[in-house]
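There's a structure below that I have some questions on.
Chains here go by letter, A, B, C, D and E, matching the order in which they are written, and residues are numbered from 1 within each.
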Amino acid sequence: MGYTLDFSVVIDALPSLLWGCLATIGLAQSGMSLALVIGVAGVVARGSNQRWLRGLVIGFVELIRNTPFLVQIFFLFFALPHIGLTLNPTVTAILALGLNGGAYAIEIIRGGVQSIDKGQIEAGLALGLHKGQVFRMIVLKPALRAIYPSLTGQFIMLTLTSSICSAIAAYELTSVAQRIESDTFRSFEVYFTITGLYLAISWLMMTGFSVFSRRYFNYPTR
Amino acid sequence: MGTTFGLGELGFLIQGLKWTVLLAAIAFVGGGIGGLGVALARVSTSKPLRRITGGYIALFQGTPLLMQLFVIYYGLGLMGLMLPAWVAVAIAFTLHASAFLGEIWRGAIEALPKGQFEAARALGLHYVPRMRDVILPQALRIALPATIGFLVQLIKGTSLAAIVGFIELARAGQIVSNQTYAPLLVFTVVGALYFALCWPLSLYGSRIEGRIARATAR
Amino acid sequence: RNAVAQSLADIKSKGKLVVGIQGDNAPWGFVNTQGVQEGFDADIAKLFGKQLGLPVEFVPTAVANRIPALVTGRVDILFATMGMYPDRAKSIQFSKPYAANDIILVAAKGTAITTPADMKNFAIGVARSSAQDTAVTKVAPEGTTIRRFDDDAATIQALLSGQVQAVGANQFYPQRLNKSQPGAYERKLDFVRQYNGAGTRLGQKEWNETVNAFIDTIKANGELAKVYQTWMGFQPPEFPTSLEGIPFTVS
Amino acid sequence: MPSTATHTVDAPHAADAPLIVMEDVNKWYGAYHALRDVNLSVRRGEKIVLCGPSGSGKSTLIRCINHLETIKSGRITVDGVRLDDSTRSVDAVRSEVGMVFQNFNLFPHMTVLQNCTLAPMRVRGVTVAAAEATAKRFLERVRIAEHAHKYPAQLSGGQQQRVAIARALCMEPKVMLFDEPTSALDPEMVKEVLDTMVSLARDGMTMVCVTHEMGFARQVADRVIFMADGQILEQADPESFFRHPTHPRARSFLGEILAHH
Amino acid sequence: MPSTATHTVDAPHAADAPLIVMEDVNKWYGAYHALRDVNLSVRRGEKIVLCGPSGSGKSTLIRCINHLETIKSGRITVDGVRLDDSTRSVDAVRSEVGMVFQNFNLFPHMTVLQNCTLAPMRVRGVTVAAAEATAKRFLERVRIAEHAHKYPAQLSGGQQQRVAIARALCMEPKVMLFDEPTSALDPEMVKEVLDTMVSLARDGMTMVCVTHEMGFARQVADRVIFMADGQILEQADPESFFRHPTHPRARSFLGEILAHH
């Protein structure tokens, strides 16, 4: 009677769990890259003088921020085929993560851009640089530095959110775990283990982020 | 078997929405109380207390909510603690929310000028009135936008309670879609219901944020 | 180790029968839009409750969570479309079978699948941890793309939206698929006839005996046939007296 | 008035016993020695002005008196109560000592009146009515009663600082500590706060002020204390201090600040 | 040198044609009329000092010259190019006009050298090597070459401002605009920046400076222009301006700022 924990099945499945970790990291990385691109592009579009473009960005951000990721990913996976766009689960997952992370990134990066002294922009313009050049060369890096902690925090959340991608049968850590679970019926052991693995992944990412930050934002501030 | 999406089905979704609101409310209230404790522990002078709560926050911010729900739901059972599903889910959400709210509020407390703490101490105010009357009202005000932002996350996060068989909005949506064979319609409605719930909160949050930003810009 | 009702007397003294059941697997077990649990399993469970003289409380459980719900004592018994497998029998105690389920492969009419080897050319969807999952995983050739979804609804939706070309199904899928696109889908392969048993915790000898006695009774008095007719529209098949590696009783 | 270095202590409540006594006080911030063997005694009703270059330890000294900083060695006694890190002694001392900070530190989420009634109610346990009556009296005293229901952000700097003074007075302290109370103010507001402090001094309040307002020092101080590098280098009545400072550091310091005015 | 109000324009590149011409310029901020019918012409090599009370429109005036602000009516011509909101004219003007701001506005994520080479490379399209050679020459010129590889945050205010001057010079502009270049500096750093500006002036650079450094105005200005309420009220050579300002507002203004020095 009772239930005795037995981690041997987990140990047997360790190789596939580690592959799952890699898949999760891969999904998260691709999702983040896409999110960053969407974030920066969204901030540019948000600041354009085209009303419809600004409205589009605002609408996108609000739509994403106020609906659950599960609903979003279902929509992409099950609805897009009806307009002739059938993406495999991995691509769908990356797209969903990118769109979701992108909406948050837009708001965060916008805050960073607004925190940049207007004088910096004027100095760039006065030197003869164009608006786009000023944004790319002068505003972006200090803006990213200013919001780096919140942006990376959001990206860690995105990584954890990727666990939901198992709902559309994407290959990642949670789906691997569920597979092992359905083979072995050792739910507790499996879930305890992958909780630990997720903790390790987020720790790893945090470390990576801070290494990157030390490299990339290596200029002194007062 | 097999119905079309009608008023009955919409009613069922709204039934699920009620659970979503209830779950989020429980989690928010529980997380509010727990988060207050966590925040106070994080700014306390006791190093062990800071360490323990720091580890707790790292654990809950570093693992997916999905796993937290599962481990707590079945972990409690494994320890012989037999609780109704909604209690277990409420505990999981409360622990989750306590970690996040605790961290948000710690940041707000630490953002207050040191002079506020010193003035309160110089007036002879003890810990409880110092925190309750002087520090927390100010900190919570600063933290209000972030708190509301987290509440929105929490409402959306309740959709994961579906994995432990809890019939809230997302799960209700799955069930209805299963019976009507119209998942797109159903999930659009489900998405719209979440949006209707979260958007006013988000708007309110950014309004306050703007107001605080203007006030501090003076 | 855990404060779980162990015997018939415990359950009787608790005053209710807590049944783990599927919540979204029509017609086996599902919650209707009024929020009421219905289905084949629900009717069987109600008969059991009636025999015991106890009210029945249903706990809808997702496919993957049925065994944990039982093992942790959240439910007293599973009438949850539990396919009887030797592996599962290591975690839970099965009763005698009370239902049969044909596990099949379903695809659109034009799909070129005639033998299990053909599955290799397509993406196959299944509900994770279901009997179909087990069957497809066993039969499909090495390297077949198998996509595992959370439940039947998502699996069926994946087939309808073309995300997979075939699905591991039970005997009800064709009927449900054809509701949305009449005549488009057909049975491609028959995998197994699988039997469902009620699940109890390992070692609960008296409780297991009570359940088996109940199943014998409804098989004999025609109640089972009535429930079969209601939900499936046909008569119950012959049930085997033993299954390899799956004891029906506590030894 | 000449400075007296009375070192008799622990004779509480004798009218002529010093109100504050610091004996051989040493304070360290990590490896930095912020106060070095400081000895100071303040009589009842005495007004002391502390001055000295930035970083000399003036703030540290007065913050030690009400235990906003803990000391490494030495003794501090306030009105016969020995400050010994115990909650009891700290409570006893803080309720006798009022403090006014450079940045006012009013509580922004409370009205002026609430700022003033909070501590009496929570610390002394007086009723709302009594606390409000006291508060109004002191707000009147600093001539700001008509703003009682405003919030700090609605007041000018000088008004805020007067509220801060009233708030401290509401605890009816035996001594008031001021840490550069006018240095965060715009020039036109300095005078209104200094006037308030002068009138407090006239009423016989015991005061220890860190300030560089030499006019104020001349007008009300019984004793000017000059600090540098965590030490008290010179103490004298204002007349002699300004006329012929003896220590060379004090001389150069005075030269500097008087050049500015 | 007496002031001349030459209004002949659109004769580009003639050596004696004015470099900057503003004709009847009007600028509004919403409902606020910031520049009122401003007429100004600056000859090649001329040094102009703009002064006037706060809010009088000095910054606005020079910011209009390189199109950091758009004007409502009137014409601005720089080196024969009429500023007309078109990207082409704005580009042409900006690459001829260097500007130095009160707050330096160096780019914090670039070294001193990168700050100086960015615009020549991106705007003029010169090679890295050529841009660096030019940058080093001008950094030498403002005597800061040894800090070329430091970041702005590692420099003092005065050093930062000299880098800002060098950065503007690297575009080899025909005219330099200065908006209170020394007013954000600590007193000891003002001189090093002013010295740099004086030496630039000596070399014949055309300059328009908003500054209240009257010593500088006396030393280098060909013409001092006094503004108030968005209007140019008086212009004269420094000698006459300081000796007998004609406009009463100019007189009171001078009285005020000279009292401070």
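Keep in mind that, in the parts below, a contact is a pair of C-beta atoms (placed from the backbone, for glycine too) under 8 Å apart; a residue touches a chain by one contact, two chains touch by 3 or more.
Quick caveat, the model's predicted, so the values are computed rather than measured.
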Fewest touching-chain hops separating chain A from chain E: 1
Neighbouring chains shared between chain A and chain D, ordered by label: B
Longest centre-to-centre distance from chain E, chain (CA-based): C
Chain whose average C-alpha position is farthest from chain A's own: D
Chain B and chain C, separation of their C-alpha mean positions in angstrom: 36
Rounded Å distance, chain C centre to chain E centre (Cα mean): 83
Where chain A and chain B are represented by their mean Cα positions, the distance between them in whole Å: 20
Whole-Å separation of chain centres (CA-atom averages), chain D against chain E: 49
Chain B, residues touching no fewer than two other chains: 74, 78, 162, 183
Sequence positions of chain A contacting 2 or more other chains: 3, 78-79, 82, 187-188
Residues of chain E whose C-beta touches two or more other chains: none
Contacting chain pairs - touch in the sense defined above: A-B, A-C, A-E, B-C, B-D
Touching residues on chain A, where the partner in the complex is chain C: 1-3, 77-79, 81-82, 86, 88-89, 166-169, 175, 178-179, 181-185, 187-188
Interfacial residue positions of chain E with respect to chain A in the complex: 66, 68, 91, 94-95, 97-99, 101, 103, 105-110, 118-119, 122-123, 151, 153-154, 164, 167-168, 171
Chain B partner contacts - residues on chain C that touch it in the complex: 1-4, 23-24, 26-27, 30-35, 59-62, 65, 68-69, 71-74, 150-154, 156-157, 160, 175-176, 179-180
Parts of chain A lying in touch with chain E, wherever the complex brings them together: 117, 119-120, 122-130, 133, 137-138, 141-142, 145, 217, 219-222
Contacting residues of chain B [partner chain C, same complex]: 1-3, 8-9, 11-12, 15, 74, 77-80, 82, 85, 162-165, 167, 171, 174-179, 181, 183
